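Given below, in the form of structure tokens, are the structures.
Below are two complexes that have chain A in common, paired first with chain B and then with chain C.
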Partner chain A sequence: MKILVCIKQVPDMESRFKPAADGLWFNEADLAWRINEYDEYAVEQAVKLKEQLGNEPEITVLSIGPDRVVEVLKKALAMGADRAVHVQDSAPQQKGPWQIASIIANYARDKGFDLILTGMQSQDRGSAQVGVLVAEFLGFACATTLVGFSYVDGVIHAKRELEGGLKGLVDLRLPALVTCQLGLNIPRYPTLPNIMRAKKKEIETLSVTSLLTEEPLAITTQFYAPARKEGGLVLEGDLNEMAQQLVDILQEKTSVVR
Partner chain B sequence: MKALLVCEYREGKLLDTSYELIALADKLGVDKAAVLIGSEEAVPKMDGTVYLADAAVCGEYNPAAHKAVILAAVAKENPDYLIFCHSSYGWDLAPRVAAALKAGQITEVVGIVDGGFEVGCCNAKMRRVVKPTSAKVVLTIQAGAFAAAPAQGAPRIEPIEVTVDGQGLTFTGYEPAEAKTIDLTRAEVIVSAGRGVGKKDNIPLIAALAKALGGELGASRPVVDAGWVEHSLQVGTTGQTVAPKLYVACGISGAIQHLAGMKKSDFVVAINKDKDAPIGEVADVLVVADVVQFAPILTAALQK
Partner chain C sequence: MEATREIYWNIGHGTVLSMYLLAAAAIVLLARGIWMRVAHWRQGKPLNRFDRYPERTRRMIAEVLGQKKVARVRAGGVFHALFFWSFLILFAGTLLVMLQADFMTPVLQINLLQGHFYRGFSLVLDVAGAGAILMLAGLAVRRFLLKPVGLETVNDDYRIHALLFAILITGFLVEGARMAATELEQNPELALFSPVGLGVAKLMAGASLEKLSLLHRTFWWLHFALVLGFISILSRTKLKHIFFTSANAFFAPLEPKGALATINLEDETIEQFGAATVADLSWKDIFDADACTSCKRCQDRCPAHVTAKPLSPMKLIQQIGEAAESGSNTGLIETIGAEAIWSCTTCRACEDICPANNEHVNKVIELRRNLTLMEGTFPGDEVRTAATNLEVNGNPFGMAFAARGDWAEGLEVVRVGEGEPADILYFAGCYASFDKRNREVARNFVKICNAAGVKVGILGKDEKCCGEPARKLGNEYLYQMLAQEDIETIKATGIRKIVTTCPHCFNTLSRDYQDLGLAIETEHYSTWINQLLEDGRLKLKQGELQDCTYHDSCYLGRYKDILSEPRALLNAAGWQIKEMDQSGYASFCCGAGGGRILAEENLGSRINVARIEQAAATGAGILVSNCPFCLTMFEDGIKTSDCEETLKVRDLTEIIIERIGG
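Right, the complex of A and B next:
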């Protein structure tokens, strides 16, 4: 079995975001980068499946971006992926989901992947399109937002998270692509021996221009912080004073505190 | 200009969110038609044409069949916009339709602005305006972003039949939500714990504050995923949608899914270290503080 896991590097979401000079995305200065949380579940699920199948499957992990994305590829290798593909692109944020999906599909086509895993969305752009588009481009069966995954006798039994705690149960035949929701599994921490072992694994570098065939179908024209609630009050300073202020406000504005 | 609205149907019923699609179409000032894979009893009350395929034949979840139904309706209406709810149904289906039409998709729209559509990004901390460059445009809209249009009118129903093939995918059924030990939707006061409480050992501090306010403990998704509190206490689109008289968000940054589950609360207090956290968008009072330090002090002040 050949498995592909598509991962994205995103800024720590606790960061304070400031618009870049072009006003179309955030300024990357001073940001800490990490693996997109949803994609970490995808890597873990691939490694679990490899373990279940007696180590037979080969896991390739792919990321698109500048040199810094090699860090998330190394993390995935240390978690248990076998090899990595770095699609070198200095400005992936300027490409729409349609283009990103086409790059991945152009890479994956004719390579014989049986299963592709990725996150249901990225934490920074949140378009929730790339996984499904890749499946459509490749003609793979696809289910999104998995909170349950098992593989028995060549069939994936997936549990999709719906609204209000309801789940949808779906069986998928290979080749298939699934997108992972938070809480699907418990991603492992790479151990030191595995981090050392990962250093010997192959990271192939490809140029994005060799894989990009599509024009964008939508473009970003502005990027900014949302307005705070009108009339919303911000309290800062001494904790005791703020507590008393808040009690007074609750007594005045709500019927639940007297 | 014309919009095709993709209504949602689950367990034999039309979902009310379908009326939010009508609201967006009206806001865009375009003609509208709708498509429903459901049943005749569940057709939305609206003017115009509703293309109806039978869910008993197509299945409630069969993306290949649903895509085929929508494309058949597109062939008849030639719409400029295709509008879906940004839900487990919409985000799963919309890109498949967009791929077939080579249409640009704009995800989780929260507003219409000059020259494009406003969407959230960076975990709801920031916003973008996205402008389509394709002939047809697929939109998914954030739950609650557009107040539902009134259910009125009598549509002309036009049946659609398609050949059903799951293309490698079979829906086998639903797993019901876990039984709720506490019905948060009835609580007058909810005090919810988020990732900012730091660790499971700090949950009692938030529970004590909830008790001092005469309310119930709630939680955001990461806290539930981490196993700090049980799932039935989760507030948000994948947990319970609540509207208490007072909602206190403790160390909750305000992911879109959480905001959608609590923003109809009468009065919202947020306690957060990060002054820029998106919870500030819905907070009547934002207390900039570490909730682990502030919660016990507030509890004591309330008990005075």
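Right, the complex of A and C next:
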């Protein structure tokens, strides 16, 4: 079995974000980078499946970006992936999900992957589209926001997280792509022997230009911090009048009261 | 009448040969018993504790003869010291008699045991014998009647006490019988020099010479047999501590306190990190179990044990010994228990008080290294999160690394990363950089330095956690990763002196980092500011006399022996210290060491609250500490105890800053 896991390197959410000079994305100075949280669940699930199947499957982990993304590839290798693909791209943030998905699909098309796992969404852009688009490009069965995964006799039994605490059960046949949600599993902390073994695993570097065949479908025109909110409004005076004032405000300014 | 005695009187020189043969046999049994333990210890890895042997030997002789560590705890300790010296004197006396009879008389033809020397000799030995019996009785009362909590008494203890009593008493019976027959009437003034023997002789006075002869010979052979018995079973009873505990004074580490083995992460042949089985430990770790005398002093002082966590340092040592009995492949984690292993705060109270020189703390860390590096487990999810935060942002809080230098806003500091020169590099550490309460300490420190005309440099956002909590939790990889980056950053500044406000950073930068290539002089602020005071660069005014109690942090006190400088500063600032019972080397941990500052305390009662209550009991009203972990734990402890009205905690810098001037 051949498994592909797509991972993204994102800035740590505690970092201070400022718009970049071009005003189209955030400035990368003074950012701490880490593997996208949802992609960690994807890597963990792939490794779990590999262990379940007696270590026969081969897991390839892929990431798009400049040299710094090698760090997250190494982390995935230390968690148990077998080989890594680094799609060298100096400006991945300029590409929307359509282009990113097409790059991945172009890479994966002729490799014979049985299963692809991605995170449900990225913590910085949050489009939640790349996984689904890749599945469409490749004609794979697809299920998203997985919080449960089991594989029996060639069939994936997926549990999806829906609104209101509901879960949806979906069965998929291979080849398939699933996107992973919080609660699917607890990613393992790499052991030191695995970290050391990871240093010897192959990291193949490809140039993004060889894989990029699509024009962007949506373009970012502006990136800015939200305007500072005005101060709050203090109501004073007669209790009944204040209550009426409050109801008026809620009706006019919000959709809380109809 | 001359002051001497006929050695072997009534026993006869003919028996000397059989006596020596039997004694030799007993000694062979003893040697064999010890030799058989060697294979047992060798199940552990090699470790060189034979280097610098003159130094080691001197230390061993001083400790064994001086009994200082043993007597440090009065209960039992003083009795043991006196008992030991008495027994040693008796042993030396017996050897001297043997030397006299079988060498000095026949070969050299001189008699030492005569005249004044013999009188003194007799008196000393009698007093020693009486002293030994009295002290042994005292020890027996403590163990069998008073039964201190936690002191385990086993069958072996009954046997040993009985055997020792029997040896001592038969000794006096032999002497009494001899004196009754040869001195009581014949040399009464000599008899006065053996007062106890005289008393025993008087009890036998009425008997005939024949009877006395028989009694004497019987007691003599009985005494001899008991002593041989003592020698031959020594290695199989608690008495083995005579050899093994003494030897541990030789094998004790010469490295600075708290030194840990730095794993060579470049070595690709290493398959096992940390200790999972007996074979992963060193021979010394297994030997420690033989040196342990179950005195339970470590357990009594362990903050984890005292607050009902499953850890006992004494049991840890013994469990390793027991596991080694089952073979080198015996697993350790299940025997000892992960919860016990994670409970240790590395405060070193156990090692500090151990009279047997056992090394408890490093065993815990080796076990943790296995848990973390080989199994990827943590004491809790919150610790795992902290470890990830350290990887991503260089601090356990997960706060943006770019904000690390923000505490210094508005202060006169130099960003040494940009090549600007400074007098010292202030390594702030994670808590001083990010924790609201501890930022005050950082700011105070800079202001104090500025008042003394010292130019302070900081690394700001280039500084990362020194890695100490990760290291103490067993994560040697994460520690070395952080350390290498810090060392590179620090070296690039060209600074020649580092000062910290955190004893953990202080220990790590001054000692641990040396293994990784940093050799820059590092101090804790207490000694640094004290030096500024002594040099006259800083002046303090006394002001109104204030009461406080002072907490010696583990990593400043027990690890680095820094006890007097902080007190000198407090006094110079006009503060009066009402010491807690457990102060100085006996200080009680705040609970945050050993990486536990990152963990939640879910077992037993709270260590920090226990210490807060001790501080409140002094009535001083203000508790002064010198460590960011202690400060955090005590602020927390005050809020969660009944002491909110009666106790406040301040860092030493907060005391000093108020008294600058004069």
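Methods note: the second predicted complex is superposed on the first by the 227 of 258 C-alpha atoms of A that agree within 3 Å, B and C clash if a C-alpha of one lies under 4 Å from a C-alpha of the other, contacts with A are read in each partner's own complex, and residues count from 1 in each chain.
Note that contacts are C-beta pairs under 8 Å (C-beta built on N, C-alpha and C of every residue); 3 or more make two chains touch, one makes a residue touch a chain.
In this text, all values refer to a predicted model and were calculated from it rather than measured experimentally.
Residue contacts after overlaying the shared chain place A:14 against chain B and chain C alike. After overlaying the two complexes on the shared chain, residue contacts for A:219 are found with chain B alone; chain C is out of touch.
In the superposed model, A:53 lies in contact with neither chain B nor chain C.
In the superposition on chain A, contact is made by A:255 with chain B only, not with chain C.
In the superposed pair of complexes, A:30 makes contact with chain C only, with no contact to chain B. In the superposition on chain A, A:236 contacts chain B only, with no contact to chain C.
Of the two partner chains placed by the overlay, neither chain B nor chain C lies in contact with A:91. Judged by the number of chain A residues each one touches, B leads among chain B and chain C. Overlap of the chain B and chain C interfaces on chain A comprises residues 14, 16. Residue ranges of chain A in contact with chain C, taken from their complex: 12, 14-16, 30-34, 188-193, 195-196. Touching chain A in their complex are the following residues of chain B: 10, 61, 63, 86-89, 91-92, 94-96, 98-100, 102-108, 115-116, 119-134, 137, 166-178, 188-189, 213-215, 221-222, 224-225, 231-232, 234, 237-241, 245-246, 253, 256, 266-267, 269, 274-276, 278, 280-289, 293-294, 297-298, 300-302.
On the side of chain A, the complex with chain B involves touching residues 11, 13-14, 16-17, 26, 96-98, 120-121, 123-129, 132-133, 136-137, 140-145, 159-176, 182-183, 215-229, 231-236, 239-240, 242-244, 246-247, 249-250, 253-257. Residue ranges of chain C in contact with chain A, taken from their complex: 265, 268, 271, 273, 373-378, 384, 387-388, 391-394, 398-403, 461, 476-477.
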